[in-house]
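Just below sit the structures, each encoded as structure tokens.
Here subunit A shows up in two complexes: once beside subunit B, once beside subunit C.
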Partner chain A sequence: MASAAISGIGSGAAYALLAVCLIVAYRTTGVLNLPAAAVGTWGTFLATVLHDHGWPWIVCAAVGVIAAALIAAAAGVVIARWFLVATVARRTSVSVAMLLLLFALSNRAFGDNARNIPALFNGGFTVAGVVVQWETVAILVVLILIAAILSLVMARTRTGLVLRALTDRPRTTELLGIPIGGYVIGVWLLTGALAAVAMLLVAPEFSSDFGVLAFLVVPAIAAALCGSLRNVWLAALAGVAIGVIEGVVSQIGSISNWQPAIPLIVIMAVLLYTQRGQLWDEAR
Partner chain B sequence: MRNWRRASALSAALLSMLLLATGAMARSNSASASASASVITIGNISSVTGQNVLPDGSEGANAYFNYLNAHGGINGHKVKFVIADDQGNAQDAAQAASRLVNQDNVVGLVASDSILECSINTSLYSKAKVLDIADQGVDSGCFDSANIGPVNTGPFTALQVNLTYAVKVLHYSKVCVLIPDLPGIQAGDAKAIVAWTKATGKKLALSLQDLSLTGDPTASLLRAKSAGCQAVASNGPAAYLAAFIKAAAAQNLTKSIKFLFPTTAYDPSFLSAAGSAADGAIINSEFLPYTSTSSALTQAEKVFKAEKVPLGSQYLGGYIGAEIFAKVVSGIKGTITRASVTNAFRHMKPYSTPLMGDAYVFGPGKSHNPNRSSKFLTVKNGKFVQLSTSWFHI
Partner chain C sequence: MKRASALRRLVSCLALAVAVPLLVVHTLPAYWVTLSIAAPISAMVALSVGVITGRTGQITLCQYSFAAVGAWSIGWMNVHHVPGGFYVWLILAGLCAVPLGLLVALPALRLRGALLAAVTLAFATAVDGLLSEYAFPGSNNLQLLARPSAFTSDAGFFVLCWIVFVVIAAAVWFLQRSSVGLAWRAVANSERGTAALGRSVASAKFTAFAVGAFVAAIAGALLADQVGTADPQSFATEQSLAIFAVAVMFGAGNIDGAALSGVAGVLVPELLRRIGLPDDLANVLFALGVVQVLASGRSVSDGWHIAAHRRGRRARAAAVATAPPPSEQVAPRGARPTASGAPVLTVHGLRVQFGSVVALDGVELEVAPLSVHGLIGPNGAGKSTMVDSISGFVPHGGTINVAGRDLAKMSVVGRARAGVRRTFQQDRTPAELTVAQYLRLAAGRRISMHEMAETAAFIGAPAPDELIGDTDAGSRRLLEIAAALCAAPRLLLLDEPAAGLSEQDSLRLADRIKQIPERFGCSILLIEHDMTVVSACCTQITVLDFGKVIAHGPTEDVLADERVIEAYLGQELSVA
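Entry: the complex of A and B
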């Protein structure tokens, strides 16, 4: 059982890193960035295309990150220009539309063949009979770094203050003379680059299928919700926990086929728990 | 209000971009044919776009028919080959079949390649008395229909072939199965395992048939290790199998366990995605291996080169299907209609080709799976190497 739990840390770290990317986008733009993993996968797949042409992987990875940042920035332009003060429902619809668009275009651009996505770090070390990959360690390190930087920037800097104001009161922030469009596009650019870094680290562990990778956003949403879309540390912990639970569940014969449903169960549980007050109020 | 209008306009623009991209994509390819009374119209339903894209078989068949048309057609009749895209979804598959059968009046369907087309359309084919010939079947509906006769071994028989090879040729006693939970596949896999147990008298040391197609298989691989599996047979698309063997290699299991994969892994994309992890994996080829130097491939290579189609296992399957169709239909005396084509296949003599280990036959049966042979390959230094020159039958 211990080995099963440890084997889940790899995918759990991946969910956690993506969850942190989701929280960065949500806290700064108020949009649940559903296409985050898809944007990152676009960057990763572009990198694999260049790699197939003989480019060194590290150069391809850098180009992939830049490409994903530009794709995300283009999405940021759309959000900043038309949907900054739109309702949550409308902003979420835009997010869904972007995800579907990236899906459709990926099919045309990359086809359905298995892709060669090299790991940035090879090898690993053994714990309780399980080889833990250095790639997993790298994901955990990047995860802690991003979470720490984000917490500091949001809490301690003027940029953080502006971004928080931007999420809660976009119009008021604009009336104070702050160029909010630039900030929004900048944040999307950054989240695109972060998503690509996340997917470049994460993708070698999973099937190199666009759908599989883009939908890693589902367990990431579950983890981000556990952190109430605010607390990056809690979300990171929840991400790793989901991976570990998946690992353990896949070992228990009678419930092993529930493994893919775990993120959805977590999402439902968190939503029900956080909404319990409202239901109680309405009942009264 | 202005903002709302802008928002609506943008939503409309996004939606139309989406539609263009996914795009009312029911693409209809046709081999060049002049519109005259003597044209034979043949249909094909494949997942050209969408999830689980499988366009290779239709391209292989299209190449054969183009070549055939350039060399006189079938007894002077040109072939019009209409490829309908089901985008891997049930509704499009049903609409495609209805259009081909009722509007295009196809005489039969050839070399269709989709993960759900058979199960969705089998009752329509039965009502319309039309045959889906030399299909490259994936779902179990392809192998238990009176009107569908696949040319490929298919995922279920391939699993049985691989398990049999593991015990009879490789002489492993602890054989295991680790397969993902794919819609329309699981029941067929279970049947194949029962058939294998019945034929060999062996039992699996571990059988996990519900791995997540999207998740990390490491935990399941560790179960195989603790169960003492010497050989593990799996199933699924090339991208999944590449991730599977990479996860096994990461746990140093590829040295102690022999992995056996179906023909989906016999593809350059599997080698490039799996890298050095693939070395030692065993893969069955349901047709004559396209990487072999056999002279039996010369004609197919010539056609594919002329039509600029790459040589690959599924392309070859489409080519073989088209060849079988042309040979059987060329023997029809009188008008070539849906009824005469159906009759010809119901009463055909087994058709042998060096490209397959068994003769293809449709016949009057209620179910069809004539191709039950494979040649085996392994991966050595990132290349496919043939293990046996003879066919392995079950």
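Entry: the complex of A and C
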């Protein structure tokens, strides 16, 4: 049970990193970044293709991160160009289309064969009889670093100020003479890179199936909603918690089959609770 | 004239419904007949997306999960020999998904757009995971589903699927034209606007999800019956994403759009295969297509429908051009018997607070029966907040009585149904409806075409057969007033109806507003900045400033009051 919980921390930290991608994208462009995990998986799979050609894994991983960043930036270009002031439903539909596109193209690019995804950090250490993978430690460290940097940037820098303005009033921000397109694309680029890091660290332990990895965005959404799509630290904590809960549930025979429903249960509970007061759509 | 064209349409639809299976079964080679079975099935799933997303504006990414529920249920009924046979099972399988549809809709009651996409996607991946844990009933011991005896061949099974599609499409078509379906469109446009029409937003969303889940589950049951068992892969989340894209792209809220989605889902992959390309490129095309449609703002079939409506309207307009214009002099409908002197609206100690800002502070107001009562004051005085609180959109302290009923505990919808109607400062009319459909939705009662046309003409709103999207902003504001009048309200709250109208139109509107109480038997609370309009039609005036009443009384007295002039009216009066 304890080792299941510990390994849950690893996948949970990946959910948390993806949740950070979701929050950053949602805060700045109002788009629920449904393709986040799919973009990260694309980066990871591209890295494995290079690895098959004999490149060292660390170089492949770096190229994969850059590739994912570029894919996400391309999505950012589409959003900045056509959908910045579209209705929420329309922006979300575009996000769905992007996820579908990455899915369909992944069949073409990578086929159905399972991919060999090496771990970036091998081995682990033992604490009180429980094995802790170095990879779990690495992803936790990355998570804490990213969350800290993001909180500082958002609170203390001019870039953070612009991004916060962009969230609420994209057009008004543009009228202040700020090139918002560049900021939007930059933010998406960042989420792509982050998602690739998350997937590179979690995929070796988790699965090598594109679909399974791409839909890790669902527990990530659950985590992001726990932070009200706003609070990075809360979301990070929730992500880790969801990972641990999944790890523990998978060990309990009578309910282990219901593990796939955990993100749904979390999302329903959080939404029904946090939205209980909200009734009307736009302001008057 | 109109009846003849409706008859022509009915006949051509029936002809099409009969011709399609005959053509498919008798002219296509066996390979294509087998392939075609998928078309009506995925057309049904597309239609279910069309109902929830196309019509009601709620994003759903789990339609194939509802289909999986249908497939799983019919398999379970087969294994457990549930009495009734295939056709009963088919309907039961559809019904099995309805509770799940309602469950997914539960968070949709208070949230929309992005967050709802999250719920439905999570539902889809959960079902995916559960399907891999719980095998399809009968698949372990080969208790396969049998096709119904009349439709065992592939050609026969295509005919069965086609019949089910036609029946469901017809039912959805009628539903979309009923007040239920009109409310779906109103919800997609504006939830506040819908509630103000006395239509429950919650029940509109619930019915949309229930119908969507039912239709998708029937399709899923047929999909399982085609091969006798179900492959979890055919219900995977990716399928739900793809059908969402196809349905949005072709506009599956329309029946022809749904049919087209079904055909495209079969034809595009097959054609790709024929020209030597991989068939999974179809989803790439659909994803790109939907982005294009979303950027341009109109689906394939929506474009046709709007064009067809305009053509039909021009033809009808040409036919009636020679007829005399409808008289504007309409006999008064006769005032509803109101208690003679008792006020229609009594507001006592009304208090509204937003955070630390007190927007309304102890407001007292009485509106006499069959009168037009003006509510004026500078910007930020609390006038619109007053309308919002009387119509129930903001929580408030104090009492609000309409015709002797206390509104305090009533919802927005309840107040609208109790005869309190309002208009908004911003346009909230659904562009996809015709004027007549919107008026019928607002009326909430049986209302004759004649009465609607008369009311619209009286206010100067567009003619009933016009599409709201084709009218200008000023006409839509007038249309909102006409809609409120069609509901035969006791109290009508008009929030700056003359804003944005030309001076000439404002004066004409003022004249009409003045006649409303006698003609429609209701009282009016009129918020207006245009003093010529106010003095032309109001008998009594209340002046608000910083959330407090600073003057009230007959129009001439109040407008002459020095405090009022000082607070707000100085320049206006000197001009007048």
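One rule holds in what follows: the second predicted complex is superposed on the first by the 270 of 284 C-alpha atoms of A that agree within 3 Å, B and C clash if a C-alpha of one lies under 4 Å from a C-alpha of the other, contacts with A are read in each partner's own complex, and residues count from 1 in each chain.
Convention: contacts are C-beta pairs under 8 Å (C-beta built on N, C-alpha and C of every residue); 3 or more make two chains touch, one makes a residue touch a chain.
Predicted model, so just to flag it, every value in this text is computed and none were measured.
In the model built by aligning both structures on subunit A, subunit B clashes with subunit C. By the touch criterion stated above, A:Leu100 is placed in contact with subunit B and with subunit C alike.
By the touch criterion defined above, A:Ile267 reaches subunit C but does not reach subunit B. Applying the stated contact rule after C-alpha superposition, one finds that A:Phe83 touches each of subunit B and subunit C.
Contacts of A:Leu225 after superposition: subunit C is touched, whereas subunit B is not reached. In the superposed pair of complexes, A:Ser151 makes contact with neither subunit B nor subunit C. By the touch criterion defined above, A:Gln259 reaches both subunit B and subunit C. Applying the stated contact rule after C-alpha superposition, one finds that A:Leu32 touches subunit C and leaves subunit B untouched.
By the touch criterion stated above, A:Asn113 is placed in contact with subunit B alone, subunit C being left untouched.
When the shared chain is aligned, subunit C comes close enough to touch A:Thr92, but subunit B does not. Common to the subunit B-facing and subunit C-facing surfaces of subunit A are residues 78, 82-83, 86, 90, 93-94, 97-98, 100-101, 104-105, 107-108, 211, 215, 257, 259-260. Remark: subunit B residues 3, 6-7, 10-11, 14-15, 17-18, 21-23, 49-54, 181, 208, 210-216, 218-220, 222-223, 237-243, 246-247, 250-252, 267, 269-270, 272-275 touch subunit A in the complex. Residue ranges on subunit C touching subunit A, taken from their complex, read 53, 57, 59, 61, 106-107, 110-115, 117-119, 121-123, 125-126, 128-130, 133-134, 190-192, 236-238, 241-242, 244-245, 248, 278, 280-284, 286-288, 290-291, 294-295, 297, 384, 388, 393, 424-426. Chain contact summary for the complex, subunit A toward subunit B: residues 3-4, 7-8, 10-11, 52, 78, 82-83, 85-86, 90, 93-94, 97-98, 100-101, 104-105, 107-108, 111-118, 124, 129-131, 133, 204-209, 211-212, 215-216, 243, 246-248, 250-251, 256-257, 259-260.
The touching residues of subunit A, when paired with subunit C in their complex, are 26, 30-32, 34, 78, 82-83, 86-101, 103-105, 107-108, 211, 215, 217-218, 221-222, 225, 257-261, 263-264, 267-268, 271-272, 275-276, 278-282, 284.
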